Structure formats: C-alpha cells, structure tokens
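Each of the next two complexes has chain A plus one more chain, namely chain B in the first and chain C in the second.
Presenting the complex of A and B:
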C-alpha cells in the first residue's frame, strides 16, 4: 500500500504522458498525476517531456528527470505503457516485452511479404517464358 | 652528478644576489625548474637551504614537468603582460542611452573609486582556460538487434536532474539500428543548451564563425569581439573553440595587430599560444617598440620556462642574463628575426640614453 493521500477512490499515482501542443503538432509532457484525473488536468509534478516529431538533425528529443522518476517509483507510482516503452528505449528500464513482440511480428510480416513478392516475380517469369 | 651540478649553481647564485626581499624574489625568478616540479607553497624567504635540499632530492626522481597554462608563475607573468588600461576595458559598450552622471569627490574618494575600478577591471580580465582538445566519445552501452526495423528516427534521452554538473549528465542516443550509445560532444552541448540555456549561446552554430564572415571581422579589426563570441558559444575544450582561437592568433601575428588584445582577457591565451608555437618574435618587436621592455623580458623568461631544453634557455642560464641581455641572447640563438630584434633593441637603448641624458 502506498502512503499517498488519495482524493479519489481506487486511483493511484501514475507517471504518464500529457498531450499539449497545437493542431498537427503534438508535444507530450511526462507527468506524475493521479490516474483518475483528466489526461491534461491537474498533476503532481512534471518529470520530463517528449517531442514525437524529429528535429532538423533527425532526432526525437526526450528529457527525463531520472532523480524524481526514481523517487516517485519508490513511492509506488504506476507507469503507463508509452512511458515504460520510452524508459526501455532509454536504457533506464529493460526493453518492454511488447516492443520485442511487435518487432518480431513486424519482421515476420516483412519476411512473408518479401517471400510473396519473390514468388510473384517467379510466377511472372515462368508465365513470360511459357508464352 | 646532475644533483651536484644544480647545487653548486644554485649556491653560487645565492652568494651573488643581494640581501633581503630581493633574495626570495630572485630565487623565484631564476628557479627555471628544468628538472623539478613546481613547489606547492608560495616562495617564502625562510630557509632556502631546506628548499635546496628538497629540490636536489626531488630532481633525481622526477622527470621534466611540462609547464601548463594554469601554473601560478605562468599566470602571474601573463597577467603582468596583459596590462591594465582602464580606458580600454571600460570602453563604452552599446547600452541604453542615459545622461552622464557627475560626482563631486575629494582626492581620497577619487582614489577609492579608482581602486574599485581596478578591482572590477581585474575581474573582467580573468583569463578563459586553455585546455587540450577533448577526445570524442564512442561508448556503446547496449546493442539490441531486435529493434532494427521498428524505430524510424533516433531518440536522444537527456537526464534533466537539477543538481548534476553538466559534464556528468547522462545523455544517450538510441539509433534506428537498435544501438544505445552515449551522445557525442556536439549533441551533448546542444541538449544542455536546450534544457539549461546559457545566455549568449545559440543552439545552432551562428554563421559568424564561417570562414568568410570571420575574415570580414578580421579586416574590421574586431578580433576581440570574435573571441568573446567564441567563448560564449563553445566549450573551452571543443575543437571549434580551439580552431577559432588559433585562427585569430595567426591572423594577429600575420598583421602585427597585437595591441588589439593588449588589455583584454585574451592576451594571456595569445601569449601562451605564441610561446608554444615558438613564434614570439612579432610580439617581442611590438612590445619593444611600445617601450614595454619589462613585458618583453618576462615574455622571454616565460619562453625559457616552457622550453627549458632549447638553445636560448641553456645560454641564458649559463650567462645568467638579465633584462635586455636576456632578449639579446634569445635574439641571437632561437629567434627567426634575430637581426631585426637586435636592431630595434639598439635603437631603443640609444633613445633611452638620449632621453635620460636630455632630462
């Protein structure tokens, strides 16, 4: 059990992404908030930011206040899946299993498509030879 | 054998020099420390014999210690050479226009105000550090081949915790190929500027540091401005900082515009660069022509301190040259324009004699 003062019943402290920015220009802030509050509503503390669009050098910039993230996780905060994914990419957490699963699925799909494409070219080549 | 030779030479010096405060000052200047490390404490006047013994004991073990920019003696000489031209330091910079204030002061108050101005000037003349070029970072933290097709652009993760020094911050990059590596120095500087912006620094390199624009600045004699902008923009041990500084110093040397940097905080760095490159001739000539013979002698001394195994250093030590003789020794042995320096020294001496004879 955590020692935080819960305003809502059944909620918990969560570290998640809050959407901001303008039309066709998202910008996420990594924030510690009660899970029952609105997505962009009241939060306890901002712990970082994430810019999903790459900049002029081709990088997506993520800032993480690791000291405070460690503190809130120590207080028993939950994490949302995108945050776990980002922390896994950063190396702070181990890689998320869903990320590995998705990567495997993508690889298999690409392999299947490549196989289909090569089979189609083979059949076309045999048809042109036969005719 | 080396220890014995040093002992005899040093003791001869003690016999020849005069009493009192001059003794320790003389020791401080003429301890060229060819084979010694610089002493930890300040040179006191007490018990030179003990110092001799410790030096003699140390010189057998230690190797030739290379002089760095931050040594106390080096710094004191460079500060003395920089000069303190109050008019130039507190030159009116572009500010908001306000009417001048006039104050009525007694002589004592004026002296007090001048003293405070001198203190402020010394703060402004604090030399920026001269460091070696930093080694590029090539650390790979993890290689995950599994993630190869999933990530499209690179992710740069910065640790924004407040009380970590910028050098120790964790900034890592996850490439689309799945490798997790530490960020290079340029990426580090950029990220730190984004999250902890410093005044005067831009995220993308300003175009003033391109070749053509820099040359325009040089032609307008604005070397000090170029160097100030460079200090604001780059870290002291980055490649661009060192390159721009070297370029500026070369340009000054080519045109002989040493006076531009004379009372600024860049003078020490310039003198240090010339000494390391062994190109102090132009600077010496400029100093003698402006009647700054003390600065010229201290420059040659510094040169001997930094290159103690050179020919001029050995000869100067043998002759125990002082003042103008020191410059003459240097001009004879290691200078490129030795004849020119001797000529100028001659003219200076004649002018000095005429002036003292006339007055």
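Presenting the complex of A and C:
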C-alpha cells in the first residue's frame, strides 16, 4: 500500500474534531475519518469547522454541512462526544444529557455560592449592628 | 428506576486493589512504574446523588432512543437515494434524454459527413478539370515550340541553300581567285569611341 493509503483492521468511520491552528490558537475541523487513523491524519471528507475562541462580537463560530453529516450517519458513522455536543447545541440532535446535567450542577453551585455570600453579608450586618 | 438504584445499592466495601490504579496520564507513560508514595493509595470514586443519577439515566435512555431513531431514518434516506439514482423516475428520464441526445448527435454527424463528402467530391472534380486544362495548355505550348523549332530549321536550310549559290566550287575557283586579286581592299580605317568608322580618304587632306 502507498503512504497514507493504509488499510486498517477493525475500527469504524467516525465524525470527530481534527485539531489545527497555531500555538495558543486552536481551530477544529469537523471531519469524517476512519477511527484508527491519526487525529490530524487522513480523513474521508471535511464536514465543517469549529472555532473555540470567541470572535470580536463574542461569538464562537461553528460550520456544519448537514447534508453530508446526514449521509455519513446514514452510512453508519459513529460520533465523538464533542461532535454530539455541538450537534445538540445546533439543534440537529437532541441536547446531550451530560451537558444538561453539568449546567444544572453549575447553576446549583452558583445558587449555593450566592446564598453563602448573602448569608455572610447578613451575619456581618448583624455583627456590625450588635457592635 | 429500580435497576438504576440497584446499581448504587449495597455492595461490600472495596478492598485496596492488588495493583495501584493509575489516574489520567500526565508526565509518565503506561510502562513507567508507579511512585513509592502511591503504594498504599486506595482510589475512591466520587459520591453519586441517587436522584440525579436516576434523572441522568432516564435522560440518557431518551437521548439514545432519539439518536437511534435518527440514525434509522438517515440510513433509510441514504438507501432510498441510492435506489432512486439507479432505478428512479428521474434516472430513467435522464437516460432517455441521453439516448435521444446521442441519436441526435449521430444524425448530425452523419449529415456533416455527407455535406463534407459532397464538398470534397466537388473540389476533386474541380481539381481534375484544372489539371486537364493545364495539361492541355502544356501540350499546346510544346506543340507550338516544336512547330517554331521546325520552322527555324527550315529557314536555316533555305538560307544555307541560298548561300550555297555563292560558294566557291572547283569550277569557280580560278574565276574567283582572279576576281579577288583584281579587287584590292584597304584595311586602313579606325573607329571612334562612339563607334563611327573613320577612313583616311574621306578626312585626309
């Protein structure tokens, strides 16, 4: 087999993120590739991109080729967790349960911290009143 | 629900495992031995809230159900598209259109060939006629030339015949010799640059 035209045993077609960009500047490409290939190696088709750093308007840009994603999922492609999350956020897939759970946990933590902070201010106020 | 909670259910406390479990890979690879400070380490999994766990399992079940349904739908769509492209109505129409186009192009090609053939025949006829004409002209020229040559030769012969009348023969010999001796000829003449002959009798004093 020629270079980069290797045939692997096992493995499956996966839609995953390929890392590119420079130091301190990641940039992901959403790519359909054989799961046994390197992360940045040979892929079958590029299906979109994801820029994790927000731009000047505070937006994180994601590009998705939904037609081709449908086709590859119909051909039996697996999806990686980040890709599932992105598709859930986009609305193409349902929201990932872990994402909802993490959001709830964060909200509860923030509520607890806010409560603690308010309690501390109340106690300080009572102490100052007492003194 | 019961299955979810039974997973959290009463289990005997875990003994320290024989091999120390390695956490996430950092500086060391999987082939490096663990450090001495981690000899008696017992890893404890994080605490799980049963209500949250139950809610999470339900959510996962629903999520996987939906995703499986989506996959099935996409797979059927792909197969339908494949079938349509091979045996569909559009494919048949396209095939018929292509066949018609092919026939049209072949007919046009035949017509073009016919036209070019006729043009070629006309051109070849024209060229043949031209060739004939040229050859005829050449022949005429040659005939004329031979005629002229023959006439020239005839004229030369006649001229020679006439000159032969004034030749010197054995019978005329003595008479001619007497005649030449009786008529002296003077060669004392010069020629100017313009080509005029200058004789001494005319100009000399």
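Going forward, the second predicted complex is superposed on the first by the 122 of 131 C-alpha atoms of A that agree within 3 Å, B and C clash if a C-alpha of one lies under 4 Å from a C-alpha of the other, contacts with A are read in each partner's own complex, and residues count from 1 in each chain.
As a convention for this text, a contact is a pair of C-beta atoms (placed from the backbone, for glycine too) under 8 Å apart; a residue touches a chain by one contact, two chains touch by 3 or more.
As the structure is a prediction and not an experimental result, all values here were calculated from the model.
*Asks:* Kindly say whether there is room for both chain B and chain C on chain A in the superposition, answering fit or clash.
*Replies:* fit
*Asks:* By the touch definition at the top of the document, which applies to A:97: first (chain B), second (chain C), both, or neither?
*Replies:* Only chain C is touched by A:97; chain B is not.
*Asks:* When the two structures are overlaid on chain A, which partner does A:73 contact: first (chain B), second (chain C), both, or neither?
*Replies:* After superposition on chain A, A:73 lies in contact with chain C alone.
*Asks:* Which holds for A:27: it touches chain B only (first), chain C only (second), both, or neither?
*Replies:* In the superposition, A:27 contacts neither chain B nor chain C.
*Asks:* Quick check on the superposed pair: does A:37 touch chain B, chain C, both, or neither? Answer first, second, both or neither.
*Replies:* Neither partner.
*Asks:* Applying the touch criterion given at the start, work out whether A:110 contacts chain B, chain C, both or neither, answering first, second, both or neither.
*Replies:* So A:110 only meets chain B here.
*Asks:* Is the number of chain A residues in contact higher for chain B or for chain C?
*Replies:* Looking at chain A, the partner in contact with more of its residues is B.
*Asks:* State the minimum pairwise Cα distance, in Å, between chain B and chain C in the overlaid complexes.
*Replies:* 14
*Asks:* Of the residues on chain A, which ones does chain B touch that chain C also touches?
*Replies:* 100
*Asks:* Within their complex, state which residues of chain B touch chain A.
*Replies:* 141-142, 144, 146-151, 153-162, 170, 172-174, 180, 187, 190-191, 194-195, 204
*Asks:* Within the complex, which stretch of chain A touches chain C?
*Replies:* Residue list for chain A touching chain C: 70-71, 73-76, 93-94, 96-98, 100-101.
*Asks:* Which residues, counting only chain A, touch chain B once they are in their complex?
*Replies:* Answer in residue numbers: 48, 54, 56-68, 86, 89-91, 95, 99-100, 102-104, 106-107, 110.
*Asks:* Under the stated contact criterion, what part of chain C meets chain A in this complex?
*Replies:* Contact set of chain C toward chain A: 52, 55-56, 59-60, 62-63, 66-67, 70-71, 74-79.
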